[in-house]
Amino acid sequence: MSYFGNIAKGIKTLLTGMSVTGNYFLHSRKGAITQQYPDNRETLKMFDRFRGEVVMPHDENNEHTCTGCQKCEIACPNGSIEIIWDRQLDPETGKKKKMIDKHIYHLGMCTMCGLCIEACPTDAILWAQNFENSVYDRSYLTKVLNKPGSKVKAGIED
Amino acid sequence: METTTITNNFKSEEYFINMGPQHPATHGVLRLLLTIDGEIIKKVEPDLGYIHRSIEKMCERDSYQQIVHLTDRMDYLSSHINNEAVCLAVENALEIDIPERVKVIRTIIGELTRIASHTLWWGVMGMDVGALTTYFLGFRDRELINDIFEETCGARLTMNYNIPGGLMYDIHPNFIKRVKDFIAHFKTKLPEYDKLLTGNVIFQKRMKGVGILTKEDAISFGASGPVGRGSGYSCDVRKHHAYSALDKVNFKEALRTEGDSLARYEVRVQEMWESMSIIEQLIDNIPEGDYKVATNAVIKLPKGEFYQKVEAARGELGVYIVSTGTKNPYRLKFRSPGFSNLSLLNHIAVGGKIGDLVASMATLDIVVPDIDR
Amino acid sequence: MNISLSITKNIHEWLFSIMPEGIASITEMVLIAVVYLAIFAVAGLYLVLLERKVAAWFQLRIGPNRVGWWGLLQTMADALKLVSKELTGTERADKFLYNLAPYFVIVSSLMALAVFPFSQEFHAFDINIGVLFLMAISSIGVIGILLGGWSSNNKFALIGAMRSGVQTISYELSVGLSLLTMVLVTGSLQLSEIIEVQKNGWLIVQGHIPAVIAFMIYMIAGTAETNRAPFDLVEAESELGAGFHTEYSGMKFAYFFLAEFINMFIIAAIAATIFFGGWLSPFGITESIPLLGVVWFLGKTLVIVFLMMWFRWTFPRLRIDQLLTLEWKYLLPLNLLNLILMALVVWLNLTIQF
Amino acid sequence: MTNEALQKLISSWIPELEFTEEGSQFLNIIVQPEQLHQLMTQLKSNNETSFDYLFCLSGIDWGKELGVVYHLESTIHRHMVVVKVQTEDRENPTFDTVSNIWATAEFHEREAFDFFGIIFNNHPNLKRLFLTEDWDGFPLRKDYVDEINMVIK
């Protein structure tokens, strides 16, 4: 008799499983979890801490707060950040001051660990929430973060 | 004489099959060299190294802050716990007192990571034995956890939220509410997992008595995590060497004595319940305080050797640091749970069928980057 | 008189008026075959779409919705892509058999379609051994699978093919026996007559308990015959990659794929014809409009197809030895008992007839 | 068992062992390669120690010497000990295998062989695990140079 008992028990467990999927089938309209990605660009907002890429915010006078201290360059585990700097004459004080020439960021090598942003003493670099970073050539992933002609905001010292 | 010739003609022949490195059941780039007789497996020999990045060598040139983010890339499904292991090792070596708040947050996120890892495992496990809907149910619940991580830590998978001395940022204001919502949601969905897969007679038949690992073998093979506990070997690091806030919570160590694939499966499902109970005990009492203590910009560990073990989602993760007093470790060894667990695959798969190999491999829950480091 | 039937009649008369009799009947056969091929190639494609949509709804997804309104042209686009793809193959494969295999599979499944009565008049080939013909034809497909798996010089494909051989030959038995159980009630193998008998109530009602058991066995064995989950050991994605069609690409792969879906349709159509009265409407509510028979037939078939899809997206796969245990230890003895039960029912006149 | 008691017990088996607890949270036992297998067998089989769980086996390049570090735990008594062995022979560093004592050592020793070139006598299947068979050199040694693939900061 356990032979038939086993069959009945087996069929019962199969029906239990089918009830779960059947329930999802009946509620498929509202239950769908698909995100139709390129269509939902307007509503798709990344969280404000999302690590998309490193950017350097500039204000309306084309000024940033990067002093060229190179702490981010040292903190970076895989050499994604290169800073080219020289000492220029500060027009206000008349003293020579360390200024960045180029803040080069290799997005292609970046692992989004966030150590550079942690290390930055002046909050000159921040996370951007942009995540659509694909390009046709790897060289496009090397970015210069400071805009041309930008300079350090007055009074920022590290 | 004639009969012997006939039997010789029908002698079965063993043959080799390359399972992987591109194979749906090997979850990544694991390559198994199978010796098969018909459908019966005679020998399984893993061939590794397809994504070996030599993280241990990279660690030798990195500073201690930078090492943390490399551990994300080992067992990417329990990245937070891996981070925690390195941070704990460094903090213990420096003898820093970590604020209670940090400990509690680390534990909560660690347990969430465990649930996320197990839900993914559950989905993929179902797929390995042929039930395709489980995959989407598992991922649906995992996405909610990933959202929590993304909001607080900034990334969904490789979070790098820990730094030696604390956390990178404080938790997001929405964190507590989101976690509570998730727990409420998952409490209704986890029984569904059982209904869909666990009770199913085909599933039971596929898993019961398959890939049996005795307790002695489990210990000898260094099995840890759900694999060891499925064999009745009490190996939960959270119980025996409690770290962070785990000494303040009550939870049961999931143990089964059967040692077969079903036991390992049940251990993982029960662990999800236990992790939920741990989170529930902690989420309302996150103490106020700092989210990190200041450390030197250049961390130098004292001369000596430091070992820290934590319970990652797949088992015991050990971090063994040999320091000579400089800013880089002299030698850093990760004792990864997957590596030991993989070594017993040959032991449990021999004599089974190809389907059994897939089922027992799924319950070992192998993540290849964890093995290949 | 019905419009569609008059069209076929007109074509028939026109053909015989302009040609000698022999040529005319050959031309007619070819015409009908082409029409069937065209209809079922498209129908097969839409079954694929249905499967994908249903799978999506089971799995909290949306399913194909980009090509055409509601994704209706998706499988057409897929077929177009497959036609235009390069046909790759393995070196040192047995080229002749390798190329032959897909045709075996697709031809056998299309041949079976010929005998189904879609409605009272829409019936291409009404032979008096219809059920036997279906059984015989549906087992030819496995030769194609064995050939494909063996000739493609790939061990995964070979394992898949061998599994397929074991599985199909075993489950053929259950399919045959469960249909035989029903033939006891009808007393005829001719499909049109089987339907005629069901005017007194569908066979699943007429035969009540043994018929329900036979239906359940038929559904299990039929699912296994089509190599679909939970009996998809032949393909067993997580074990064998893609099983016997690992090395096929492009259109040759499409033949296998299409054949699988047409086979599913055939299994469901047999069930609809034999257990649920084929094109008959329930209680004869639309008896006055014969054309609606097609709708009833397709409706019943699709419900059973849906059931098979439901199985597929819920259950885990069996292991090969469990597959054989299920057949030889459970289905076959039950089937034989059921056969005796049905014989008793028919002998003692216990069938329910309206 | 406390570290002192362990030290007392183990030193009674093999008198040449060195014990230290300096710079480590465990009791460290430094053993000569010749006595390694004997010590390990006793550590596992003795009822009072019964170190049945080898949880970590690491190869280490000490600069001049090559060594192996075994982390052992007893699942019965829950005490831990570290066994260290090293040799100055960099061409053919050879130790006895412990894979017949702890099965997990088979893979771990293959890893150590792969990255440090440490040869384990009587190992059942000592060949490259991660790297290809024809790989030149042992990457985790300190004197390994690979100018193309290694990024040195």
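Residue numbering begins at 1 within each chain, and the chains themselves are lettered A, B, C and D in the order written.
The rule is simple: contacts are C-beta pairs under 8 Å (C-beta built on N, C-alpha and C of every residue); 3 or more make two chains touch, one makes a residue touch a chain.
Just so it is clear, the model here is predicted, and its values are computed rather than measured.
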Inset, instruction - Compute per-chain Cα centres, compare each with the mean of all protein Cα atoms, and return the closest chain. - result: B
Inset, instruction - Farthest from chain A by Cα centre, which chain is it? Let me know. - result: C
Legend entry - Inter-chain centre distance, chain A versus chain B - centres from mean C-alpha coordinates, in Å: 26
Legend entry - Between chain C and chain D, centroid-to-centroid distance (C-alpha), Å: 63
Inset, instruction - Please report how many Å separate the Cα centroid of chain B from that of chain C, as a whole number. - result: 44
Inset, instruction - For chain A and chain D, let me know how many angstrom lie between their CA-based centres, rounded off. - result: 42
Legend entry - Contacts with two or more other chains, residues of chain C listed in rising order: 58-61, 313-315
Legend entry - Touching two or more other chains - residue numbers and ranges from chain D: 153
Inset, instruction - Two or more other chains in contact with one residue: find those residues in chain A. - result: 14, 17, 20-21, 24, 33
Legend entry - Partner chain A, residues of chain C touching it in the complex: 54, 56-62, 310-311, 313-315, 330, 334
Inset, instruction - Could you please specify the touching residues of chain B with respect to chain C in the complex? - result: 15, 17, 23-25, 39, 126-133, 135-137, 140, 196-197, 200, 202-203, 205-206, 353-356, 358
Inset, instruction - Would you mind writing out the residues of chain A in touch with chain B in their complex? - result: 9-10, 13-14, 16-17, 19-21, 24, 33, 46-47, 49-51, 71, 75, 77, 111-115, 118-119, 127
Legend entry - Of all residues in chain B, those that touch chain D in their complex: 48-49, 52, 54, 56-57, 61-62, 217, 219-222, 224, 233-235, 240, 302-307, 309, 316, 318, 320, 322, 331, 333, 335, 339-340, 342-344, 347, 372
Legend entry - chain A contact footprint on chain B (complex, rising order): 62, 65-66, 68-70, 72-73, 133, 136, 140, 143, 147, 150-155, 158, 160, 163, 168-169, 172, 192, 195-197, 199-202, 204, 297
